[in-house]
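Heads up, the next two complexes both have subunit A, just with different partners, subunit B and then subunit C.
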Partner chain A sequence: MTEHKWSLTSSTRESRIFATLAIVAVLLLIAAPWLVSRGLIRDLFQIMTLLVLAQCWNLLAGYAGLISVGQQAFVGIGAYVFFSFAVFMPIPPALAILAAGIVAAGIGVAAASFTFRLQGAYFAVGTWVVAEVVQLTLAKQSVLGGGSGMSLPREFRETMPGFGILREMGFSKSAAIDVIAYWMVLLLCVVTILVIYRFMRTPAGLGLGAVRDNVIAARSVGVNATRLKWLVYLGCNFITGIAGALIFMQKQRVSPDTAFSVIDWSAFVIFVVVIGGIGTIEGPIIGVLIFYLLQSFLADLGPIYLIILGALGIVSILVAPSGIWGLISSRTGIVLFPIRHNLKKLG
Partner chain B sequence: MILIDTILQGVMLGGLYALFALGLSLTFGVMRLVNLAHGDLILLGSYIILTLAGSLYLPPLIAALVALPIMFVLGWALQRFLLNHALHDDILPPLIVTFGLSILIQNGLLAIFTADSRRLSLGGIEAQSFAVGPLNIGVLPLMTLLAAVLVVLLLNFVFFKTALGRAFRATSDDATTLTLMGRDTRRVFAIATGIALVVAGVAAFFLATRASINPSIGPARLIFAFEAVIIGGLGSFWGTLIGGIILGVAQTLGGSIDPEFQVLAGHLVFIAILFLRPRGLFPRAFD
Partner chain C sequence: MALLELQQVNKAFGAVVVAKDVSFAIEDGSAVGIIGPNGAGKSTLFNLITGNLSASSGKVHFGGEDVTGRSAMHRCHLGIGRSFQVPQPFEKLTVLENLLVANCFGAEAAYYDPDTCADILEQTELLDKANLPAGSLSLLDRKRLELSRAMATRPRLLLLDEIAGGLTDAECKSLIETIRSLHASGVTIIWIEHVLHALTAVVDRLLVLNFGEIIGDGTPTDVMASREVQEIYLGIEA
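Showing the complex of A and B:
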């Protein structure tokens, strides 16, 4: 009797091709400041911040069942922590960005002690109330500029890592800030996607997928749903806080209205995930690309653009609840971020 | 005395919040639907009344009365053709649909009516008040509170004394069994949302007369409504009224300390109550 050797693998042919393409794409994106215009760098910055926020919201809503309409709270907190350090206690920018994430996660714990008491749809509105409370509280602080906000001090932006080198390479001061912010968000984006992908393949991540599919069944095989929800909530708020710091570092100005915008940091994010495909890592990526296309063609229309986006979100969740990626994936069987483990016979 | 006056103003403001909240309370009670567009639908009602009064030269109160059946049809159609398709076991679709609707209505109003502030003029009544001892009571705020009480009485009558109300309560308890009994829950839902929007229309009238409105203020009305429902406890209209009043009093007391503190004080009281009584003060429903 011949013995077969088996190996456990989760990668597929498509996923290997995709991984190779993704590495090439990331290398091109790193080199982009020398290859493309500054306008495009700003667009790419916006796309990637949106992608980071979308991946986080997707993890919350698509996997952990935490449908939040209040993630703008953590974008705003991250932004304000970063600006507070920059203005009052200039520490190295990278540390200030990290602190933004930590404070966002910390306030997230306090928020969760309240919002986690609310179930389902009530959780959604509860998170919105939290965001309002944080915004109103910050807008009252005259030391933080009250309702008009703060600007990033000139001296502080010159302490950004790589600022001097970029200046010597001929980038203007504000172009250098754009490029640094862009690289940082590129790093955040790649790390976020990889961490989420790795996490989904760990026992905890698989447990989360099980909770999403059937809470009772997951609990019966020993998955601690509550602990997982806390873990995901903390992690997402940490990343969202960092994203908030980067978004407003690039803008070099922060105010309560922009930092806590429910349209910018919740509505766009939610529609990106829903249209792209909720509950997959691929979905938000497709979603931001579609969002960017729509924006380039329709943003001049102002309110009409938002009407179209809202309508697309509604049609999408009713007609194709698993989004565009869900349609593609179910028809072709293609998975770019495979999570399932398959047995494969060797030799 | 100033304190008593402030509390009294808060109670009457609470009447307005209760009117915001009763429609939400109704749709949640009947079909477990949290309508994120509720605030924007109230605002849409205000603009309908403003348009009727402005372009057809109807007296404001007549315009509001004409708007109510329009709101009913709107709510009925909304439920029949959109929301019924979103209501399943999964809570995500109704949230996304109503959130999308909120953005849609908000920007639709912005496109049609611009961001300018508007107000429905009642020809002087809004400034009138009468003295009760040392206290001054505004006619319009008092009318708002009375309207809220009237709406609670009417809703309770419909819920507990009519065949329709029996269908509402039965749907709330067990929609599947009601279907087995031969009643089409989708129709029951459509009527419920229609009634909810009629209540929203009443709220819309008082919202537009009390202060200036613009297309962006809908979401904040939703949050006030939501807070009133939760404070009062799910499933009880009287609870919702008291929830609105508590919120109104909290806001005016906060506002008397510092005008910027008004809305925040309401949120904080809401959070505090939720900590102490997670199911609200007068809960009836069990989820």
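Showing the complex of A and C:
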């Protein structure tokens, strides 16, 4: 065995401080239902669902080169699978949520057998077509409520994990659902970010970084770009399906128009990733906070709000193509999720 | 034994023929140079060998196996490494990470070896830039990175595409040393280069390409002395 002369390091001082702060933040978020108003819990729920979707889209578009504008297909499928179990075959809600993810990933495989033949803009259009087809098909099913959708049965609500305990602690029935959905999405959000972060530090994650930067060169040094794309696509659709189940569990109602909304589940998500900084884990986090602030101040303006968002997105692409986080990190060198492999001499 | 063999390889883009009935064999452990005027199809030939382009007709054998229908990724796993004429770094990855990717996936290893990659960077004089993003490198360093990354895949056959252009005399000398020691360690080399003195310092055989056809093949001295090569390649009137 030869002596090692070099080692690899990743973490920086900022990243260690950030990790500590992040743990504190997560603990505060867990306790939030006792600390803040129900309105803010709902806002936090919305922020975190958007963050989960944005992390997934970032992985798809920012790393794997899969620019999908049809992720609403998997939000909707997840929601409908969850509601179908709730209405027709009440199983424990946690299992129904898991099933939502699995079915979304499964239908993703079928969709990919068509869309993966397309490149670039054609792929984007293809994913949207798939989403429309799924939406129109579901809207025709009278057993699923047709165009008006379904409501979450009351008895099923009460089988939610922790429902009884929260009721005893004085939460109203619908507040209890809010809190349960909030904790679940908090768990999903933390797990999603941690999994992506851990994955990016594996050799496969490094290979994905190579695919992001230059797919031809990546293949030429032996990276199986196709396999990585499939892996990312499957994983993201699984998580997106789960997110869909949780989003509509909290709303307690689902309809084709809301579940397959291209504005809510693709346009806003793309905005968040682009303005925050595509191709980084930090970007979507910054992006979702900016999006939330804009929404709080501008949502009353109606259509003008959407025009402002679109204009900001365009300005961001022209002025700062790597997003707000790209500007911050290139000026300061700060990294919150260190995934670099820095060479360090031993001894 | 021939490590690489091309049999009647043809490639055309529409009416433009870029490789015409190309046949040759490269012995295991040899070092071969390819010369020819701009647009002669040298880089295309590399792309046909590496699988970045697929041949319109003909066969490519590597290590006794027919790889004609194999992807660039698979050919890399079999041991064909390459540098691109126009450098194609992974810009947001660091210099070291560029090599780690190649080291890990190129030879289908389960993991990468930082020591190997650092050694390569030391040889190619990039070690002090190991932790910089590859996108921040100058053109010269990007060319060095091309060579380093190809070396990190642990190739049996290394294809080098114009890596000596623009180097100072001292830099060129050290590049020649690097390639010589690679060759000495058993790696077969095919090198496209306009810097002839660098090329002839390493190779023992020259192929001359013009309009997609092989028009000369032999020792460097014989090839450079041939009238046809002087006319076509060096532009000397007959």
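In the analysis below, the second predicted complex is superposed on the first by the 334 of 347 C-alpha atoms of A that agree within 3 Å, B and C clash if a C-alpha of one lies under 4 Å from a C-alpha of the other, contacts with A are read in each partner's own complex, and residues count from 1 in each chain.
The definition used in the following text is that a contact is a pair of C-beta atoms (placed from the backbone, for glycine too) under 8 Å apart; a residue touches a chain by one contact, two chains touch by 3 or more.
Computed from a prediction, not measured in an experiment: that's the story for all the values here.
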Subject >> Touching partner for A:V133 - first (subunit B), second (subunit C), both, neither >> reply: first
Original post:
In the superposed arrangement, which partner chain does A:S7 touch: subunit B (first), subunit C (second), both, or neither?
Top reply: second
Original post:
Which partner does A:G170 contact after superposing on A: first (subunit B), second (subunit C), both, neither?
Top reply: neither
Original post:
Should A:G39 be classified as contacting the first partner (subunit B), the second (subunit C), both, or neither?
Top reply: neither
Subject >> Greater residue coverage of subunit A in the superposed arrangement, subunit B or subunit C >> reply: B
Original post:
Counting only touches as set out at the top, which of subunit B and subunit C does A:A217 meet: first, second, both, neither?
Top reply: second
**OP:** Using the superposition on A, tell me which residues of subunit A are in contact with subunit B and, in the other complex, with subunit C.
**Re:** none
**OP:** Would you mind writing out the residues of subunit C in touch with subunit A in their complex?
**Re:** 50, 52, 71-73, 76-77, 81-82, 84, 88-94, 96-98, 100-102, 104-108, 110-112, 114-115, 117-118, 130-131, 149-150, 152-153
**OP:** Spell out the residues on subunit B that touch subunit A in their complex, using ranges where they run on.
**Re:** 32-34, 36, 82, 85-86, 90-97, 99-104, 106-108, 110-111, 219-220, 222-223, 226-227, 230, 260-261, 263-264, 267-268, 270-271, 274-275, 278, 287
Original post:
Which part of subunit A faces subunit B closely enough to touch in the complex?
Top reply: 61, 67, 69, 114, 117-122, 124-125, 128-129, 132-133, 136-137, 139-140, 262-263, 267, 270-271, 274, 278, 302-304, 306-307, 309-311, 313-314, 317-318, 321
Original post:
Along subunit A, where are the residues that touch subunit C in the complex?
Top reply: 2, 4-8, 203, 206-207, 209-210, 212-214, 216-225, 279, 340-343
